[in-house]
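Mind looking over this structure? Questions follow.
Note that the chains take the letters A, B, C and D in the order they are written out, and that residue 1 is the start of every chain.
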Amino acid sequence: MKTRLAFLYFLLISFSILAQEHKHSSARPLNFPDIPGYKSLKTDLHIHTVFSDGYVWPNIRVMEALRDNLDAISLTEHLEYQPHLTDIPHPDRNRSYTIAMAEAKEHDLMIVHGSEITRSEPAGHNNAVFIKDANPILQDKAEDAFMEAKKQGAFVFWNHPAWYNQSPKGNPIFSDFQKERLKKGELHGIEVINSVDYAQESLALALEHNLTIMGTSDIHGLIDWDYTEKGNQRPITLVFAKERSIESMQEALFAGRTVAVYNDLMVGKEEFLIPLLEQSLIVEKASYANNTHVLLLEVKNITSSDLLFENESEYTFYDNSPVFEIKAGETKKISLKTLENKREVLLKLKALGCFTAPKQQPTISYSITVK
Amino acid sequence: MKTRLAFLYFLLISFSILAQEHKHSSARPLNFPDIPGYKSLKTDLHIHTVFSDGYVWPNIRVMEALRDNLDAISLTEHLEYQPHLTDIPHPDRNRSYTIAMAEAKEHDLMIVHGSEITRSEPAGHNNAVFIKDANPILQDKAEDAFMEAKKQGAFVFWNHPAWYNQSPKGNPIFSDFQKERLKKGELHGIEVINSVDYAQESLALALEHNLTIMGTSDIHGLIDWDYTEKGNQRPITLVFAKERSIESMQEALFAGRTVAVYNDLMVGKEEFLIPLLEQSLIVEKASYANNTHVLLLEVKNITSSDLLFENESEYTFYDNSPVFEIKAGETKKISLKTLENKREVLLKLKALGCFTAPKQQPTISYSITVK
Amino acid sequence: MKTRLAFLYFLLISFSILAQEHKHSSARPLNFPDIPGYKSLKTDLHIHTVFSDGYVWPNIRVMEALRDNLDAISLTEHLEYQPHLTDIPHPDRNRSYTIAMAEAKEHDLMIVHGSEITRSEPAGHNNAVFIKDANPILQDKAEDAFMEAKKQGAFVFWNHPAWYNQSPKGNPIFSDFQKERLKKGELHGIEVINSVDYAQESLALALEHNLTIMGTSDIHGLIDWDYTEKGNQRPITLVFAKERSIESMQEALFAGRTVAVYNDLMVGKEEFLIPLLEQSLIVEKASYANNTHVLLLEVKNITSSDLLFENESEYTFYDNSPVFEIKAGETKKISLKTLENKREVLLKLKALGCFTAPKQQPTISYSITVK
Amino acid sequence: MKTRLAFLYFLLISFSILAQEHKHSSARPLNFPDIPGYKSLKTDLHIHTVFSDGYVWPNIRVMEALRDNLDAISLTEHLEYQPHLTDIPHPDRNRSYTIAMAEAKEHDLMIVHGSEITRSEPAGHNNAVFIKDANPILQDKAEDAFMEAKKQGAFVFWNHPAWYNQSPKGNPIFSDFQKERLKKGELHGIEVINSVDYAQESLALALEHNLTIMGTSDIHGLIDWDYTEKGNQRPITLVFAKERSIESMQEALFAGRTVAVYNDLMVGKEEFLIPLLEQSLIVEKASYANNTHVLLLEVKNITSSDLLFENESEYTFYDNSPVFEIKAGETKKISLKTLENKREVLLKLKALGCFTAPKQQPTISYSITVK
């Protein structure tokens, strides 16, 4: 009917105006620099919508991701846990992905096809991402689900292994089930950060078994309510990919090139976390104060994380505490007492909020040329 | 299966913890005082969810309302416009209401059963609230839908009559359709505020035809994104009811006892807007400055709206501009030059942001006793 | 002594570094546009330091003025009231001016030479600015002080005539003393705003006797404490001068070309206040919404005052309240229902917080060309 | 003259109203808990006014101190360096103290009588506080000034020994002059924090020579401009005194019972810094999460400093980073994975921003009883 169509058209128009406004207002974009040889992709690969036990339509997830300045998301609906099944009796478990793809079409956001394989312990919860079809992954036996995921070329990671609902001590239990999956090449990553939880025991497992280090929001409600309005950022996985593409992202995840980030906490293998931190600070100025041997530096943090450092240089500071923060986007003045005027100075900083292993914080070095 | 059940239980637990936290964090509660003889109920009776063309599950609407400190909401899904029908092929048009009722059970929020009757102009969009069953209201002919709504005892109001999609000049067109409904007792109210739009021409119609004055959010996305983060509050209808109950609310709406509120704009009939404003300010202190005839007042705005006034008292101010704002919750010092010391002083203030008719702002009076 | 000199040098260096930093950090600069034919100079011509009953050294006054982005200040020390005389037994009443001049030398701030002639009522307090030498203005008889000020070519204005310490009713008393001064050409202006006090009775006197309208801070302590940290701006006089020079400023003051400003309150003669307001708003965009007769405007307030308006155009608004604020620096979207598409539209706005006479607010007009 | 007196009276009234308002508005009060056996007095013993090279009258210093919630200040005017001497040719070097005492009379603030003995290196700058008369301390030879200070019972500390104007490498030079003073009992303390400068080399000297550790603002301009508006707090010395009195404060300083504080940096001897930190946190709740071994703690920081910690407990955290901040006044939720349910748990935290010696951060312990 002509009238109905016109009516529909107007409604669509008015919503897309809305969507554009959101794009511009992003008040909380996440930012991290690329590292030598790789693009740093900001990803959240653990998300739910009304198509499993979440509470929003997939388009809201796309808009949230755009506000957070993400490069990629995956809507990983539980295949087995479907509390809205009465109202959304979907015969096709790919609907969430399909709707998100349509919404993302006009935006610069990659949608990774994914699903959550959900069991009680010991199998626990696991995300399969870069899948081709969610339907055949729904299997009676967990083992069969993992096998199918592997068949589709999926990257599979273990979700919140330290979740106290499945592990009452709050520590991950690496059971025979995981060992078997690992052996069969069916398990590739592990969440060390899930929502607000960081488990250094999970980090230990990642390092021991060479699993890719993951951080995800596992959002069910609204990012605004669970993170933003509490002053937090959503947890993400930085993926160091050769290009900004789905395929490169997948390759990087299999290769273990990640850093998990939640607010000011960064967790990753030394070989990725150190270059990330070294690119995160830019020494914008370096010159001696008149008639002194005090070297004045201006150092900018170009990330969206506040970064915390302890001075480990050969030289002490003139008017800073040796423990100091450079807030996201801030340029900090640092003054080094070099005792004589130098041409080259090595600034060594321990990144107190970053971990390459349990209780292990990296030290980064900047070689500074004085003009 | 036992394990599955345990798993379900944990998920439910963890979400309800979340919900409680939300309840406490409400950063933007709407507040308005009762008026003599009536409770002031804060209501939003025009809301959508995934069950028509909205983008969230009904529980999110309940949580948003709790954050806004509302007394009542109605999820008024379009009966005829169902863009998510493929995924949500509901045979029962009351589902949205049923789910919201379950969610609201533990909270102090009233859910009004409602539906939207949606046509092109001249019928346009109309909300029927306090219905008993949404299903029979879905009719081919608009006239039949209104008749059925009346049969169920519904209070029916005309939505955004000035919406430019249906009225390109941006002014409401009160057609034969509306005249007929009015005559048959099938139309009782009119939105003068819909989302961010206020039409004083709609207010003129409300006064001319004695329609109840309504304000609603018409929310489809998130209250946070469309209102809160832009510094706005959601539009509401204050309903002056004999008691805090569904039935009293319904009686009050039929009786036309409302004020529509959006941020600092209040629109209502003089007989309700003036007492509302008079209750909104409290004179907390009144005494003369030593050795002077300058009367020092402390006046508190107990509403969540910033209120704008112009002094129309017999006396001028000592150290205030005659045009001044008292912010939500603020206590303002006002000093009146009464020329001699008085026992009783009449403070007369024109409420510049409030309207009882187009271009007609009310003046309120406070009789102040000096201690 | 060499050592002492070196020591002095370092102290000077370190203070000047400080001063530069202040210049950059100005967090509260006052801004107002020029009007056709005139520069709008931001001035505060009523200020005290330790050289009368103030509490800071003159250099602090210069720095405060730079932070407020003023064009000119005058340090108007009381000649007769000298509570710090024991410690500062100055033989030369020009010291405050001399020190401020030295401090201002490197900055783009004009220092107007001034003094306060201080008596009880009926003479009251009066500022003489653009004087040449403060010493001879100190006289036993008030009449002689005014005569000397006139001899020096001073512009003289009556301070806070409504001050309740001298006028217990809080209203100005225009006595024979003032009449005599006026007749002799020894009184040229009147404060309608002094610190936080606005007296519309003083405005009435200004208009009746053709006195220049003045607004001043009368600061004794710190601008930060008395104004800024309470969310206020310092009161100023906008002087509309042919050039940005002391001489032009003086000519403009004698000619009565001023507007007094305190926060959002602006008080001035119609012939200056209306052009000031008309330059204060810039219509940045004007175009019709697709397929409608709704004209979308983007209007920027380029001043540092929040401005409050009421729509008095022929047309009503689509999605704004007819009473609205445009905050300092803000660009506001306004949508006019012009009923048909027009090439030229007249936007008429009443400036609710501005006064050209007691209870008299000006209406400004913008002729808008639609692209 | 009667009129003049009345006039004076009004001015005094109006200023005292002002003063009261300031007292209430203090937006930045410093707070630190007492430690076992001692009151923690918040002191700033290095301050200037117009009576040496500062830029405000002494009353402003009193008001600043009240806003900062200090217990004691000393106005330590340079005896030898008097740039305002032309205008303030004081014959009595105690004037600054006398005026401050008068101002402080109605307030709960202690004024310590002090002076600065000012020389080039090697003597450098030194403050003598708890003096009786400043005049005889003004001596040609530095040695004589120290001798006189000792005679008066003064506590003397070395100011900013690392100041690059006197020590171009930015490191303190402990010369024969200091050694001699120390031997004669004429030097008792050393600034490790002066204005924004912290020198760990000065801390090393304090520990080596058993000098009292001091932190001071050395303010010349305004506390607001140099500290507050840059987001900093003024540096202070916490003095651990048996009572809240001048005499106890003096005894404590001679006994070396201090911690220097600047924002989040605290520097002191282990025996005082550890109890201060242990009193700074209060464990408000401790209980196990249902059906888990996760111990939920709520820990409140009752100081005005943000405190930074690293977990060094036997147990890891459930949903916190092991490096975390508890902001001033904040209550932080911390969850410990104790692996089994315990009655007593030891929480061990390294205070990352606090120093008991160069590069030496203290670890504090809380024995927590679980209900």
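Everything below uses one rule, namely that contacts are C-beta pairs under 8 Å (C-beta built on N, C-alpha and C of every residue); 3 or more make two chains touch, one makes a residue touch a chain.
What you are looking at is a predicted structure, and each value in this text was computed from that prediction instead of being measured.
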| item | value |
| --- | --- |
| Chain separated most widely from subunit A, comparing mean CA positions | C |
| Whole-Å gap between the CA centroids of subunit A and subunit B | 40 |
| Centre-of-Cα separation between subunit D and subunit B, whole angstrom | 53 |
| Residues of subunit D whose C-beta touches two or more other chains | none |
| Pairs of chains in contact (touch as defined earlier), listed by label | A-B, A-D, B-C, C-D |
| Residues of subunit A defined as touching subunit B within the complex | 3-4, 6-8, 10-11, 14-15, 18, 22, 25, 27, 50-51, 53-57, 59-60, 63, 80-81, 84, 87-90, 95, 99, 118-120, 165, 220-222, 224-226, 229-230 |
| Subunit A partner contacts - residues on subunit D that touch it in the complex | 162, 164, 168-171, 196-201, 262-265, 289, 291-294, 308, 310, 316-323, 335, 337, 339-340, 352-353, 355, 358-359, 361 |
